Structures are given as C-alpha cells and as structure tokens.
Amino acid sequence: MDHVVSGVAKFQREVFPDKADSFRELATGQQPEVLFITCADSRIDPNLITQTEPGELFICRNAGNVVPPHSNQTGGMTASIEYAVAVLGVEHIIVCGHTDCGAMKGALNPQSLESLPHVREWLGHCRAAVEVVREQRGELGAEHLDCVTMENIALQMQHLRTHPTVAAKLAAGKVTLHGWLYNIGTGEVLRYDAESRAMVPLSEVDLPSGRSQGGSRAQA
Amino acid sequence: MDHVVSGVAKFQREVFPDKADSFRELATGQQPEVLFITCADSRIDPNLITQTEPGELFICRNAGNVVPPHSNQTGGMTASIEYAVAVLGVEHIIVCGHTDCGAMKGALNPQSLESLPHVREWLGHCRAAVEVVREQRGELGAEHLDCVTMENIALQMQHLRTHPTVAAKLAAGKVTLHGWLYNIGTGEVLRYDAESRAMVPLSEVDLPSGRSQGGSRAQA
Amino acid sequence: MDHVVSGVAKFQREVFPDKADSFRELATGQQPEVLFITCADSRIDPNLITQTEPGELFICRNAGNVVPPHSNQTGGMTASIEYAVAVLGVEHIIVCGHTDCGAMKGALNPQSLESLPHVREWLGHCRAAVEVVREQRGELGAEHLDCVTMENIALQMQHLRTHPTVAAKLAAGKVTLHGWLYNIGTGEVLRYDAESRAMVPLSEVDLPSGRSQGGSRAQA
Amino acid sequence: MDHVVSGVAKFQREVFPDKADSFRELATGQQPEVLFITCADSRIDPNLITQTEPGELFICRNAGNVVPPHSNQTGGMTASIEYAVAVLGVEHIIVCGHTDCGAMKGALNPQSLESLPHVREWLGHCRAAVEVVREQRGELGAEHLDCVTMENIALQMQHLRTHPTVAAKLAAGKVTLHGWLYNIGTGEVLRYDAESRAMVPLSEVDLPSGRSQGGSRAQA
Amino acid sequence: MDHVVSGVAKFQREVFPDKADSFRELATGQQPEVLFITCADSRIDPNLITQTEPGELFICRNAGNVVPPHSNQTGGMTASIEYAVAVLGVEHIIVCGHTDCGAMKGALNPQSLESLPHVREWLGHCRAAVEVVREQRGELGAEHLDCVTMENIALQMQHLRTHPTVAAKLAAGKVTLHGWLYNIGTGEVLRYDAESRAMVPLSEVDLPSGRSQGGSRAQA
Amino acid sequence: MDHVVSGVAKFQREVFPDKADSFRELATGQQPEVLFITCADSRIDPNLITQTEPGELFICRNAGNVVPPHSNQTGGMTASIEYAVAVLGVEHIIVCGHTDCGAMKGALNPQSLESLPHVREWLGHCRAAVEVVREQRGELGAEHLDCVTMENIALQMQHLRTHPTVAAKLAAGKVTLHGWLYNIGTGEVLRYDAESRAMVPLSEVDLPSGRSQGGSRAQA
C-alpha cells in the first residue's frame, strides 16, 4: 500500500505537470464515446490496452464483466448503463472478458463457491453461458473455460439488449455492441462475431463504415 | 471507436513487447493487495493516478463509487467485494470519489433524475450522505457538491463495514479501509480522516506502521 | 357465472363422451411440443386459433404476454419456462401478442396507470419496446399501438434468450422461437420476421425444414 | 409445429368465417365476467371445459395455478389480477387446479427439483398447502397428491384475499371466489367447499342467488 | 435518557431481588404460549395490559402491527413468526392494533408520507384494509380511522394464514388467531369477531373450550 | 390463553383506574424520547427493566434484535426506524440484546436451521458478527455465544448508521446510539463500549453531558 500512496505522489510530481492542460479541461465535464464493461481483475488496464487517455472510456467493472438483464430491481450495472447511454450518449458498448478469469472458473465449478454465497448468486447471471456449453459439450471441466468465457461475453451482450435505453438506441442505429476477449498472456484482443458465433481477430480493416464490430443493431 | 481499435493494435505493437515477460507471468494468476472502488467516470484512470502496473489493483467501478450495504440480495459490488476479500485476500480497500461527479450531482438534485429511474434508485444508496449535509447546511444547492461527495465517501466506507467478509477482516486487523477524493483538475488526492470528519492531504509521511490511511479497524 | 357452471355440465354431457378415450389417455401425462405464451385477454383462445387439441400446447398467460428477463428472482413465467423447456422438452416457443391489447395501451400511456401500481410496474418489462418506438417516431400516441405491440413481441423473444434453459437449447438447435401477432377482428395471424424487423403473414410455405418461423437460433 | 401452423390456416378457412361477426364485435373491447386462473398444463382448455366463447374468460395460466400473496414486489399474477379486477371489473375469480399436476408433484417432492431452481422457488408459494397436509398425515408420499392439490386450491384462494383490489371487492360483495378441481381423465369438475374443507360436485343447483360457489365474501 | 438509565438501576435495586428466583429459572429457556404482535407505539405495554410476567408473551412489534404475507423474501416478521410457531410452539397468535395509531393515519393519508419513503412502502401491506373501507365508504377522511384500524387487524390475520407454519398448525387445530384492538384512552380491549366482521368486547365468558377468540381455524 | 384474557380484565379493574388520567392524556399522542430495539424473546419486558411508563419507549422487537442495513427494499425495521427518527424525533436509539438468545444460537449454528428457511435467511443480517468471532477465535462452538451476542449488538449499531434519517441526525449530534446487553438471570444490563470493543457496566455516572452511552456520533 505504501507503494500505491507513493505512486500517487509520483503521479503528481512526474506525470501530471505535462498533462496539466488536458486535465484542467476535463475538470468540468466528460464526453466519452465508449462504455467499456470489463472484469474487476487486477491484470486488466482498459486505458493501457486501448492506448486511450482519461475522458475516452466510461468504465464499469465487476467480477466477471456481468451485465444483469434489465429488471425493475436496480443494481449498479443497470444504473451505470442508463447513465452512460441516456446522459452521456455513448455510441459504443464493449463487453470485454479475459483469459484465466476467476469468475468464469467459479461459474464452471459452482461447488467451489460453497463459502462464497454472493459470488455464487452473482454468477447466476452467467448460468445461461454455462448451460449453452454443457448442452454442446456434455459434462463440464476446466478445459471448457475458454468456451464459457466466450459464451459469457455473448450472453452479457444479450442482456444489454434488454435494457430500455440500449434497446432504443440499438433500434435507431445510434449505439453498437461489441464483445471482446483480452488474452492476458499475449496481449491479444479477439472480438465476438455473431454470424459465426466465434471469436475472431480484432483488426482495423474489419471496421467498415463504423457500426459493426462484433455486434449488430438488427436483432430480435 | 476506430481510434480505440487502432489503440489496441498500437498497444500490441509498441507497448506489449517490452512488458511481455511480466504479462506472461500474470497469465496464470493475480495477487492484488488492494481493492480499488471508484466511479465509472471516464476521467479516472486508477493505474495512472497510482502509477501502478497490471496485477496491483483489483478494480470495481460504477456510477458514484457506491457500495450497497450488505443484504441478502446479491449485486455486483457485494459479490466482487466477497471475491476480493475472501478469495484474493486484499489487505486494503480504497473508496475513491472525485470532483465534478455526475452521480453526486444527481444525488443532490433528484428532480433532475425523473427520466432516469435506475440512476435515481441506485443513488438511494447515497441518500444518507445527502441527508447528513442537509441536516448540517439546510436547503441544498450546487455549492454543496463537495460536501456530499465527501460524505458519500464516508458513507460507502460505512457500508463496507456491513459486509461479513470485510467486518471479519477488519476486526482481525487484516484489512484497512481508505477513503480518497481525486481532484480531476489538479491531480491531487485527499484522504478521508475519520477523527476530524474531513479530507486531508494524502502524504506518504502520514502512513505509520501500515494500517491507518483514513480508516481504522476499531469501530462499532 | 351460471352460464359458465352450466357450460361445465354441458361439456360433461355433450362433449366429453365422444373424446373419453383421448382424455383417459391424457390422464397420466402430457407431452406438448409447443410452449404458447400469450395475453390473458379473454378474446384469445389458443386452442381455437391453432385448431389444436388438449395435450398439444403448454400455455402461459398474463397481461401483455410478458416474459421477464431471467434473474435470480423467481416469478411465474421464469418457473413455467424452466418447467416447459427442461422437464417437458418443448421444441417451439411462441410469443403471441394481439391487436387492441389493453396492456400495450397502458405501456404507451403510463399516466393512465396511476391507480394501478402493479400493472405499471409489470409493464416495466415492456419499457424497452416503448423506448424503441419513441426513438423511431418521437412523441408517442395511440397511433403507435401496433408498433409497440410488435416491438413488445420482439422484446419478449429477446427476454426468452436470457433464460438459461432456453439459451442452452437454442444454441443446440433444439428449440425455436416464434413471434406471432393475432388480429382479433380478422382472425389473421402474422409472424415476426427478425431479418426485416417486421410482421409478415404466417403461411405454411414459409416453413422450411422445420426451424425458422420468425426466430432463429444463431444470435448473440 | 407444422401441425400448429396449418391449424391456424384451417381456423381462418373453416372456423372464422362463421363467427366473423362476433369476432369483429370483439375487435374493440372485452368485458369478461370471470377471471379464470389455471395451470399451464397442456391438457386443460378452459373454454372447452366451460363451453364458453372468446370474450368470456380472462385467463391467467402458470405452472401450478399459483397466486403469490400480495406484496410490494410485482409479478405477472399480481399485475394481471389488478387489471382484471380494477379495470375489467370481473365479478368472479376461479382458481382451477387439476389432477396429475406436475407442479403439485414437485411441491410434494422438492428433492426432485434439484436442477430446477426456479420451479422450486416458485413452488414456495405452495409450501403452506404441503405443510397443512404434512401436519395432518405425517410423512408425505405420492398418495397425498390429491390432498395437496386441494389444499393448494384453498391456499391460492387465501392468497387472492391479500390483494387489495380483491379484498375491497370481496368486502363489498362485488366479487366471489371459487376453487375448482378439474379431473383430466373423467372431465369432472369439483368445487372447494370452505365449510367442510372438502371438494364437492359442481352442480348447477348449488348456485343460489349468485354469490357462493365454493367461496364466500365474509371472511377475515 | 438519564431517567431510563437510572430506571435500570432502580429495577436492579428494587424490583429484581423479589423476583430473583423466577428470573434465574428463566435464564436458560422460554416457553411462551402466546405470540403477541403489536405496534411499536410507546403507549402500549403488552405485559401491563395483559398483566403477564416475563416468559409469557413472545412479542413482535413494528409500526402498524403489520404481518407481511408470506413470500420467498424474508423479513423480520416472517422469520419471527416461523421461530415462534415452529420452534417455540406457541398456541395463540394475537394481532393487537390500537386507537390513535400513527401508522394507520399514514395509511389513510398516503400524501402525508411523501418524505417517508419506507413508511409509505411498508404501509403497502395495509393497502387492502384501506381499499376495503374506501369501497364501503367512498372518499376517505380522518373519520375512517377506526374502520381502517379494524380492517387492518383483520387483514394482518389474513396474512398470518399465508405463512406455511401458521397454516399447517391452523389446519391441525394447534394454533388459534386472535385480533385485538386496544383503546389507549380507556384501557379497553375489543376483539375481532370474524362472523360479524366487527369488534366486540373481550370478555372471559366468550372463551369456550379454548380455541375461538376472534379467530377460527376452519377457513379457506 | 385464559390467563391472558383474564389478565386484561384484571388490568382494567385493578390497574387502569389509578392511572386513568395519564392514559387519557396519552390517548391523543406520543412523544417518546427513546427508540428501543430488542429481541422478541418472551423474557424481556423493556418497560419493566427500565422502570418506564407507557409513552416513554417506542419499541421494535424481532427475533435477534436485528436492524437490517438500509436498502431500497423496505422492511418493518427500516420503516419503523424512519418513523421513530423522522416523525417522532427520538433522541436515543438503544439496541438491546440478551443472554441465552435463541436467534444468536441459531446464528452460531446455521445447520440447526435447516427446517427454518426464513430464520436462517433473517440471521444473514447477523453473519458479519459471526464472521468477526470466527476470525478471532477459529472454529465456533456454544462457548462463543456471548461473543457473538456482543458483536451482533455492535453490528446492528453499524447497520443503524446506514439509515439516512439516523445518519443525518447522528452527524448533527441530534441522536445517540446505545448498545445494551440484558442478562436475563441476573437482571444486569451492560453497555457496549466502542473504544474498548467490550461490554461495560451501565452506570449512571458514565453518563456525561448527555450524549455518549456506548455510542458516539463522530464515526465514518
């Protein structure tokens, strides 16, 4: 912790001065174009892997990069999504899962969560992803971690579509959904391709007129 | 969004290679010492302001850096806290609020949230902070934003104490709570001082034998 | 009510005897192929409009033919869907809306629901449909009833995809979703076409090898 | 499913033309006198067994013909009941259980529901019926299915009385509750008699001046 | 508060010594015969008005002597009732309302609860009582306080019947429900008579073989 | 029960007449200075042990003297606390636990609650107290009952601080929290001392200028 506190001092001393103008400008408002939803995992630094600056990504993080489906019960994700879409007007929503995810391991192996009642219940929002893999592969084991992780990204994109503000903007073509998978060990990012139901490389040339990175608006 | 996608390519090309060893090591596990809870606001980059590397901070982010009090209803924060404390064994929990926070402005002015039902309900978890300021200052206005932001940091620390895993570790002196306020325009970080109920500078010399940054374990 | 009671006697006297064998066979089990979800509206008789017999349709009915998205909170629809898919193994799920729906009128005009707190909250599950139409058409009025009814059918199909048992069978191609719109005055049934996001006639020739009536399995 | 689709065509071709006038009249409104609550079981056709026409019964159906007690949490039954009583002004509410009910079998044998978490929780609303039978009969087995089914009908009538709109109309003598048991194999319908706490034949002569089929309004 | 603290000292000095034997006996267990549910109102002392000693009444108190209907959501009343009936085996449950009840005044006049969101929602459990009176009397005013108070007692008795443990013991004749109304100004206690739906004097001679004070077990 | 009914008659005959004036005065309002929260246990008589009269203590009682943390879900305690603090303006809140508490025994030994689902879930609000003791003492047994009871008193005081009305008055120094432990066998009352995290004798001399019995207002 000393390290973290001295890091703050270092930031103020060595980093801030060079960026002071930009920070001063940000002091009175934000206009992020992207809502970035990812896992709380310490190994993910969204600004680092996208080489973006403060002000560019509105970032929600929780164990498992989960987006509970819309319901009349409010939670942090539901509220933050409403804020990002309706108030800030973000145009892209990225759900970014990752390799070696502890939450996904827990979802695959619920018995391991006996003493973690809240984690177990929270991962109920990932149950459809697990059931999809079980239906396809039969008895589940550690070797299905990647499959479950991918299906979870697809599922949380599904859940996003149930949120009224997101559904409305999707129908109007004003927001686009993206599913990403970040590989911690290789630094690689794959994107979810809805057509093939598979992860494919995220490369710039894939980006056409601007609205179809691994998600599409026309979907019932 | 093109910018973000090309940022990923830049990360892979220019940044990752130099850190490849460290990333490869992280590929199979994380051992963060700190749970960092902050707002989803795009202007905050926790790793930047603490000058930390991937693997050091387990980061939860939602609109308003809210920690709902423990209840039998599970949400993303409750589950993520349980995971961070019981599974990862973090030793420090930082609740980091910030200046110019849209969520705090909404909490101060609930009428502005008429068309945002979920944001309004989510900010119900900040209501005690608002009521504290109203009791002290009378009719509330935009000039009370800093007060409400500070009281909200203190309140969310209170809420943390109701979570069983946190309460247990606090009682055993195995975890310490910290309340931080990040000033977007100046880059400054203040910490909440429970004695004086005020924000004071976060300076390294304040850190004694390791367990008392703006929080203490002995508290009923 | 006398009429209803004497109807039962008439059923026993005039209808049952001819079908006694079939009813006796049904006495110990059901094997419906279809889960039929429709509005509680008195003007809809699912068996009549599909000319089916007892034993063929597992039928869930509520105001608005609503399917709440899956959550850890259990309700009647969530439980009935789980039962139909996991226990009975239905292969088709039809969400059947209808013209002149009182629930849809309420969703369009929430002020009319002031004294109906539960109806208003229940129709929160239709809010995304209303928001989609508002985003496309601007200020809403009675003339948008058909649009909202269609979008609601599409939305409830979306919600079905969040239920773990449904998601798993969809991924395995073992269940197909259908969206129908029943016109009370003309007896006509339209089906929702996901490609065109429009209602098209439900005609037999549309039915290919068996799995694509207004829904498809491959969808993120 | 082909069968169901071709049934719709048959309905339009062979059935609708003869009833076109009546359907056209229904196109702009409904005035059902009865709210009919029954199980989603495919073997029950409410209009068939009561020999009623479209427009006569407002029909709610879920697994187990369950009516959750009124609470501040809204569900489909709560909303549909509010709509039927407060908006449509139904004068009779029939809770219709049936023989060989899969939901009742599950309620009797909760262990069989291990892999059906939502069915299990939904049947928590039937727990009082099961406990009543257990208190009277001791250890429960398959032979208590009829008892539990009957007690469940009585219990759901109890639950109806907790709904504000129903309670108000009951106190004013403007609505009457009825408990029915439909025997799938014999076509017989019994009614619940509150005095004797038993099922008795539903015969027309039982019907006095109009308000006492198996339920009564004066009840604390 | 000094007064309360010195009262404790007075209790220890002047009252306890004479009852020491009885208190010592109670130190290791309780066997109350009665579950007494009443309002938190400071003017009600259950042991005083029934002239009972410690150990005789298991007492639950909240604003409005409310018993939420049984649901799968747990609250303090639901848990305390389960404990009293299933663990302690109480044989009588008294719901005791009172004159001049602030909660009932709030239920009659919900606008007065604008700034008390939780009180307003809690009194949702009394809404059926208010609706009953409104149905009978039309527009409601302060003059209907007694009616609402009585109907609330009857309603909470209804709610008690939805709790599984209570329903089971009621069916077996092992528990009896009682509705009482305590008049603060006169010290009088009336009991609710289910037959006449009215309050009548609570007199000893009314008590037959032991099971019918203002409640009865045979009720659907 | 006869005994209780005849007790009422005795109260009216022998006790009320002497206090008639005071009761008559109370008939139209209450102004309690203290909110007294204690267990439903039959052996506790708050007015007896504090030697107070009707009108002095606003009393909430449930199994385990539990105060759920504030949430957007309303329960009886949340509503009653809001009423006591915001409407009645109580200046002191006492959480009074006791020796030999059945709820605390259940919290220590959750397996004993298998057949008591609601008690088990309700005691989830005491889980942090249990975890604190487990962290300090290791494997838990019956010998830790006193520790858990004390930690539970401290925890429920923590929970009180999350309620907006309480937090506001605490910050303004207008309300004080107290934790008491009543010893049923000895009549002794201890108070919780936040400094030492221990129970100390409740003696009048401890009471300074009026605001610090076992609780303090300045606490984050």
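The letters A, B, C, D, E and F name the chains in turn, as written, and every chain counts its residues from 1.
Criterion: contacts are C-beta pairs under 8 Å (C-beta built on N, C-alpha and C of every residue); 3 or more make two chains touch, one makes a residue touch a chain.
Predicted model only: the values in this text are computed from it and were never measured.
Student: Where centres are the averaged C-alpha coordinates, which chain has the largest centre distance to chain F?
Tutor: Looking at centroid distances, C is the chain farthest away.
Student: If you average the Cα atoms per chain, which one ends up farthest from chain D?
Tutor: Of all chains, B has its centre farthest from that of chain D.
Student: Quick one: chain B and chain D, Cα centre-to-centre, how many Å?
Tutor: Roughly 50 Å separates the two chain centres.
Student: Counting in whole Å, what is the centre-to-centre distance of chain A and chain C, each centre being its mean C-alpha position?
Tutor: Using C-alpha averages as centres, the distance is 32 Å.
Student: With centres defined as the mean C-alpha position, give me the chain C-chain E separation in Å.
Tutor: Between these chains, centre-to-centre, one finds 44 Å.
Student: Specify, in ascending order, the residues of chain F that touch 2 or more different other chains.
Tutor: Expected reply: 68, 72-74, 121.
Student: Starting from chain B and heading to chain F first, what is the chain order around the ring?
Tutor: Traced from chain B through chain F, the chains around the ring are B, F, E, D, C, A.
Student: Spell out the residues on chain D that touch chain C in their complex, using ranges where they run on.
Tutor: It is residues 1-12, 15-16, 20, 23-24, 26-30, 32-34, 40-45, 47-52, 54-63, 66, 68, 73-80, 82-84, 86-87, 91-92, 94, 99-100, 102-103, 115-119, 121-123, 176, 184-189, 202-204, 207, 210, 213 of chain D that touch chain C.
Student: Where on chain F is chain B touching in the complex?
Tutor: Where chain F meets chain B, its residues are 68-73, 121, 124-125, 127-132, 134-136, 151, 154-155, 157-159, 161-172, 174, 179, 192, 194-195, 197, 215, 218-220.
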